[in-house]
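When the chains are written out, they are named A, B, C and D in that same order, and each has its own residue count from 1.
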Amino acid sequence: MAYIGVIGSGSCGAEIGQLAYRVGEEIARRGAVLVCGGKGGGMEYACRGNAEAGGVSLGILPGLARNEANPHVTYALTTGLGELRNFLVVRCSDALISVAGEHGTLSEMAIALKEGKRVVALHPPYPLAGLVVASTAREAVEKVLL
Amino acid sequence: MAYIGVIGSGSCGAEIGQLAYRVGEEIARRGAVLVCGGKGGGMEYACRGNAEAGGVSLGILPGLARNEANPHVTYALTTGLGELRNFLVVRCSDALISVAGEHGTLSEMAIALKEGKRVVALHPPYPLAGLVVASTAREAVEKVLL
Amino acid sequence: MAYIGVIGSGSCGAEIGQLAYRVGEEIARRGAVLVCGGKGGGMEYACRGNAEAGGVSLGILPGLARNEANPHVTYALTTGLGELRNFLVVRCSDALISVAGEHGTLSEMAIALKEGKRVVALHPPYPLAGLVVASTAREAVEKVLL
Amino acid sequence: MAYIGVIGSGSCGAEIGQLAYRVGEEIARRGAVLVCGGKGGGMEYACRGNAEAGGVSLGILPGLARNEANPHVTYALTTGLGELRNFLVVRCSDALISVAGEHGTLSEMAIALKEGKRVVALHPPYPLAGLVVASTAREAVEKVLL
């Protein structure tokens, strides 16, 4: 069973949201577990796509309140670590897919690459050395599960 | 959905193991999620009891290898934090049950009490102020879910 | 250069405070660095004794504000980790001295013993297996530097 | 007393090294404390410049062995957190200066910006939104202390 991290901004528009939704859905279809930061934006779209396709997601939250998780997270882990929980999202993932994203996402991409993990990027905010770029949700999931 | 931490030594005899097994089983019967350190001994017995009763367990591992989890963990989270992951077991739990245990368990009990969480103890290694003591698995789970 | 952790309650009476003060002083006299949680109570007395004897202390704070450190800390490290910073106090210390203490201190003692570090205790709250007990500040520092 | 983080690659050439050296030196001249990851490359050059100008540096190490610090670190903190210690470098710094750098540095820059801290960059690997760019060590230290 693979654990696939999905990282992206805590707020996003409809187009990026739809992309994240389909990434979550595709992860469920392949029988992988979705790992994320458990909050809104891209994370919420991905968890929703995952849940609606029957998948399981783990949301690693920055705070101490379980109800800060978006409603589509299957299991919510409260850490109280703030943004430092980004590291745990990376540590708990075998490989990661980024969907757009800003500084928080960038920190996760950089750490994942530094720790030698595969990162497949949809609309990466910066062309980091070592990223695998994809243009559709299906392509991203195929490439991350290679 | 309640998240109940089960803490105890990474190695234990058959009697303590059986107690941990029944704690895990009882947690599953009540529909709670079992959170633990994911390794052997009491943790493994608890996860096994939980799994055999249809429950779900989250194993928060000290290392980076998913396969260091015991085979009864439902979802294994790799942290690379070593014993520091004990804190995450506490942070991710709404309340905890300790089954016997040594120094690692004691650190978890102390932090949980410090953070104001209910800790129900079966065979506590030391009579910490604030512990709720129980003598059977069923009593422990009843008291932890109060 | 040895790094000696001093752990104890965030609030204490005059007698325990005086003991912590002398532990800090003695650490300075031996040329060791004092590591602590940086806040009040026993930590503050120890840092004050240390500073007044010309020593250097590192205060590893739970929060994000440098000014939550007591005024006798030489260098204050802000972590934002809450009680989880207790682990860092242990990790940064070669060996530790506990002065009385409650649950937070106990968690540090237990983790230190679990990680194989020497812990010398003055008025330990519980008789943990593996503790080295001392009855004066000088004896504690002598035993911790062995 | 300001705490200035200096981040950069664990290996670097002579030109970047010289730049890091002068950043460390300038931090000492201004009476600030230098915070870094404590290892080689840019970190070592910065600590050396700092030490030779009479400054104090705190090296927050990834591992558990004090002697993995470069020889110019004043106080070495062992964490055992691996690359996760990058977060602590950011948390312990009031503001940061990056000198070139790769993925590890990038993760620190991104987290610092995400947490609202000023980051002054010398030869940034990517033009992150929010970075303040400088071209000399003196300019970087002046801008970081604003």
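Methods note: a residue touches a chain if its C-beta (ideal position, glycine included) is under 8 Å from a C-beta of that chain, and two chains touch if they have at least 3 such contacts.
What you see is a predicted model; the values in this text were computed from it and never measured.
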| item | value |
| --- | --- |
| Far-end chain from chain D, centres as C-alpha averages | B |
| Interface numbering overlap (same over half, different under half) for chain A and chain B | same |
| Comparison of A-D and C-D by number of C-beta pairs in contact, larger one | A-D |
| Length of the line joining the C-alpha centres of chain A and chain C, rounded to whole Å | 40 |
| Chain C and chain D: spacing of chain centres that average the CA atoms, whole Å | 28 |
| Sites on chain B at which at least two other chains make contact | 80, 84, 91 |
| Of chain A, residues touching chain C in the complex | 80-82, 84 |
| Contact set on chain C toward chain D in their complex | 3, 33, 56, 58, 64, 66, 75, 77-80, 88, 91-92, 94 |
| Of all residues in chain B, those that touch chain C in their complex | 83-84, 86-87, 91, 102-104, 106-108, 110-111, 113-115, 126-130 |
